[in-house]
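In the two complexes below, chain A is the common chain; its partner is chain B in one and chain C in the other.
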Partner chain A sequence: MKRLLALLAALLLAACASPGLRGTGDLGLVIERASGSVLVVDTTARAILGRVEGLGDLSHASAVFSRDGRFAYVFGRDGGLTQVDLLERKIAGRIIQAGNSIGGAISQDGRLVAAQNYQPGGVKVFDAGTLELLADIPAAWDDGKKLSKVVGLADVPGNKFAFALFDAGEIWVADLAEPRQPKLAKFRGAGSQPYDGMVTPDGRYFIAGLFGEDGLALLDLWRPEQGARKILANYGKGQEKLPVFKMPHLRGWTVAGGRAYLPAIGKHEVLVVDTATWQEVGRIPVKGQPVFIMARPDGRQIWVNFAFPDYGQVQVIDTLEQKVVQTLAPGKAVLHMEFTPRGEAVWISARDDNRVVVYDTASFARLAELPAQSPSGIFFTSRAARIGF
Partner chain B sequence: MGSGKPVRWVVACFFAGAMVAHDDAGAADPAPERAAELVRMVRQDCGSCHGLTLKGGLGPPLLPETLSEKPDESLRQTILHGRPGTPMPPWNAFMNEAEAGWIVRQLKQGFPEETRR
Partner chain C sequence: MKRLLALLAALLLAACASPGLRGTGDLGLVIERASGSVLVVDTTARAILGRVEGLGDLSHASAVFSRDGRFAYVFGRDGGLTQVDLLERKIAGRIIQAGNSIGGAISQDGRLVAAQNYQPGGVKVFDAGTLELLADIPAAWDDGKKLSKVVGLADVPGNKFAFALFDAGEIWVADLAEPRQPKLAKFRGAGSQPYDGMVTPDGRYFIAGLFGEDGLALLDLWRPEQGARKILANYGKGQEKLPVFKMPHLRGWTVAGGRAYLPAIGKHEVLVVDTATWQEVGRIPVKGQPVFIMARPDGRQIWVNFAFPDYGQVQVIDTLEQKVVQTLAPGKAVLHMEFTPRGEAVWISARDDNRVVVYDTASFARLAELPAQSPSGIFFTSRAARIGF
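Up next, the complex of A and B:
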């Protein structure tokens, strides 16, 4: 009997220790948009570790990471904010914070998670540990009579968040040095219908793409007293616009080697902009209307995916040659791409083929294919350490 | 042609006839395969702005209660030709008028879910 007990105790100890210690630096999430689930993936093993379910409506969902890389905060369309434990592969916390949400950000110090909402239009700020609401920032405009949809939310240095107001055409910067008492700086007349925003990788410039007019709005966060100004205001002049079947996305990954690679709205082009002067220095023709334009972490390549109906393909631009050097067909309805932390591989989601394809970025060989249900966004923990992610 | 087909055709024609009689602006429903494509297009591609559940996003909600007051014809024109001054693009390169009309009717009744493949 005694021996049996000892054996049981030994087994129990082994079971408790069995998950083993591991880091999260090579982990990530794949959003399964239609089934309200996420896959936890390992980019070293190129494997799915498990599925976490119960995250609600994940169409247009995105994720940010706690700075220890253990938790993902997933922002769902239905206003759900879900904290996912990547190691235990379970939901650690979940709230419904709005009626209609479009993404979020985590603060410089990692203590605050902010969500940007369409309904009710505004930004809400939560304690990253407990998901307690700390600040509610309604995007009021038109003398406070209306609330604007909020887009382009990005964390910027100084524990601030910058974002744009789609309906109002404004850029706001919220200073959360005191989280329960946010201080707002509002830049009115920034531009018509901003559709998304980004902060440059150094945290200096916030840029909002404009749908309602040609050009982009640029705010120098080091010199905010200069206000928001228009850049590339003439890039579409005199040309007939093509209809836009999906809004492009902006993030800091579009900056490489002193140049920003930006989507031309309604055109089959990538615009190349010098980040010292913010002048256009070139245009690169591509297959379709760009949605994501992402630099490989070393900046040598730019990968581009496209809006409906050209979303079966992905193109690769060589930044030395400034032209497309590769066209790939990962599957039907390519929605997103994510580079491994140092960029030797890229993971691409093909929604209608229910798979994620992993490519070698040097040889363009297919390294792996992983099954996923209607996969959309792919997010790796390396985002935890980057400004604007 | 299989032995079951003529019967199915008769049934399809009967329903198509009933549809036309019921709603003179509309036409026959699209064939099941095409209908599935249209449902997928609305859920996924329209859904990128209007939301997968059509509760709205950058674009307004497309739920029966939000559309009930709007005339079918103006909704059909919006789908086919877009709305200038807004991000809504024209979809007439990807569907014909009858299919746009069918989508409007489905939206007003509560849009079907995609059938899982």
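Up next, the complex of A and C:
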């Protein structure tokens, strides 16, 4: 009986000892795209805490976080939406919500998770706690006869989501004050084939990149009555029809110090745009075709990665000097970068070297290298406190 | 024996069940100034989780948070520095580090906590984990014969702290790359009697308010070689020598959309300043003498509270319309306001009504009222991810 008691005590203690109490402000996850798994990481210790498996097809996957920082919502390419418990390091919930999906967002109040889908085209909105479907917003166009692929979904203040319809050339804003009865504002004729979108860090402007024409579509969410308008008329693939190895991500666009830094398409340049006038004010030559252009949280530095064949390198632009000040080689096939919340370090995934490299952003020293299986996206819980992520 | 087993099991489970595993991204604390206690609050449930007592003199107390969001560091007026465990809701560490203290900051990497002291005048830097003293920076001036009171301490990128010396009229920047060997950059002749300071949200500009003369002192931390300079020459008590009921807090100053919103001193106005030129571009009339002027995280709204006798009210300025759009009466003696991370709600302390009131910032509806003993400052863990808090 003594032995039984001891065993019982040991079992109970083991059950409650692991995992321990800890804060979630310095947690994050790394997508392992080939194996359908994610790594839970600690940005203070610069360490991997564990791996969670069974998330399905994670090519082009992205993640958002619950308001408390405990849960990640991972959007898979196969329409899977997986809620990952970062503290217990296990799947807390998982649904297949569409046939082909391209990311999602979480509402300002943290209660709603929205997924944007290619197939069937539209947005679905779920309860962040239970993953119950609350609203299904088909992206109907052409008098309701067709459904459009949805891109660029972003949370904006007022518990709204903004997104673009690739096939319809429209921008929609869904107001989810009453989650089961979304109110839609539709901005038609926004531009031809929007392929991605983003909101500025203040949540004011929604900008969509256009595949079907040059220029960008911009909607001022503070003045929606003005409708969508075209900016940067020369932005795009242009007349020369350069080979474009990869359409750059707009979500990586960066606004710092009143300027937006945009990837030129097909050219080895970063475009600098004044956000007061939305006019181009400069171009900064870089090593390759930019994919992600990300500002360190203080806006002093812009980090840029590139499309094939230059995707083994990363360059750093100093925004005060408006030029490249550093070139780094983190490894083969750099796919993503994520800054720690206040920007003292950056984590970079090198897919084909199966590692994540952590750099000090002041000295550019390598602080750590962590093994990962074909890592792609890196996402930290500090996103939960930011608009448009 | 069966009963013993059951008892043992129950005890063990109770021991590990409380407090439960949870995220820390939606936690915060409310200072109860009269009783030397703090409330730990949950901004998702809009609820009080518990009270922690024994923090000493909390008049004019403020708090910063550990990188993981688990611990708060509370700076008391009596020189007490208390580390509060928000998850276990108990004091994790406490020292008396000075005789008279006026707040503190946490370094960019979260490893260093710094306190600014009136008596003895200077800054002390502690290990955030152990509260061990790592560096003592006396604010020596007048050829080292005197120590100055220190004000306006703020973390800035590069693991530095910026602060001002009230008696010396200087701004100092301490580089703590090597915490036991701080490197000091001193900017002399910054202005007469700086009484508070702040950094812009990007960590670029340190601005000190001056008690001894009109105008403000500004240091561009990206171009420190230019030294400190004077801006807004007419800002201050001015010629008219109006009665000033309370010098406004600079830490509450707000930068939104390329404009800074400053409290006029002694006047019922909010000053609007262009941060590109640091010239005044407008004045917005308000109900009383502003104390805190705080931007909703998206910058669309500015919330203002007031000095006696108007301190029962709060006004909301719409930054697009540049005018007051709402007046609220949260209770007697409104001392502080804190926005939830993405700004859907604001928490306001009404000291003399012993309550904290939570408002929806879109509809201005009262969402909750929470009892608190003479509440003053309210601080949420999302500050851990921000520069200059």
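Criterion: the second predicted complex is superposed on the first by the 363 of 389 C-alpha atoms of A that agree within 3 Å, B and C clash if a C-alpha of one lies under 4 Å from a C-alpha of the other, contacts with A are read in each partner's own complex, and residues count from 1 in each chain.
Throughout what follows, a contact is a pair of C-beta atoms (placed from the backbone, for glycine too) under 8 Å apart; a residue touches a chain by one contact, two chains touch by 3 or more.
It should be emphasised that the depicted structure is a prediction, and the values quoted were computed from it without experimental measurement.
**Student:** Considering only the touch criterion stated at the top, classify A:N100 as touching first (chain B), second (chain C), both, or neither.
**Tutor:** In the superposition, A:N100 contacts chain B only.
**Student:** By residue count, which of the two partners contacts chain A more extensively, chain B or chain C?
**Tutor:** Looking at chain B versus chain C, the one contacting more residues of chain A is C.
**Student:** In the superposed arrangement, does A:E53 touch chain B (first), chain C (second), both or neither?
**Tutor:** The answer is neither, since A:E53 touches no partner chain.
**Student:** Output check: A:R351 vs chain B and chain C. Expected answer is one of first, second, both, neither. What do you get?
**Tutor:** first
**Student:** Which bits of chain B are touching chain A when the two form their complex?
**Tutor:** Answer in residue numbers: 40, 44-45, 47-49, 51-53, 55-58, 82, 87, 89-90, 94, 114.
**Student:** Once bound in the complex, which stretches of chain A touch chain B?
**Tutor:** Those residues of chain A that touch chain B are 33-34, 57, 59-60, 77-78, 99-100, 102, 118-119, 149, 151, 166, 193, 195, 211, 243-247, 308-309, 333, 351-352.
**Student:** Would you mind writing out the residues of chain C in touch with chain A in their complex?
**Tutor:** 1, 4-5, 8-9, 12-13, 15-17, 19, 21-27, 43-44, 65-71, 86-88, 108-110, 155, 157-159, 202-204, 222-223, 256-258, 276, 296-300, 320, 341-345, 362, 381-382, 384-387
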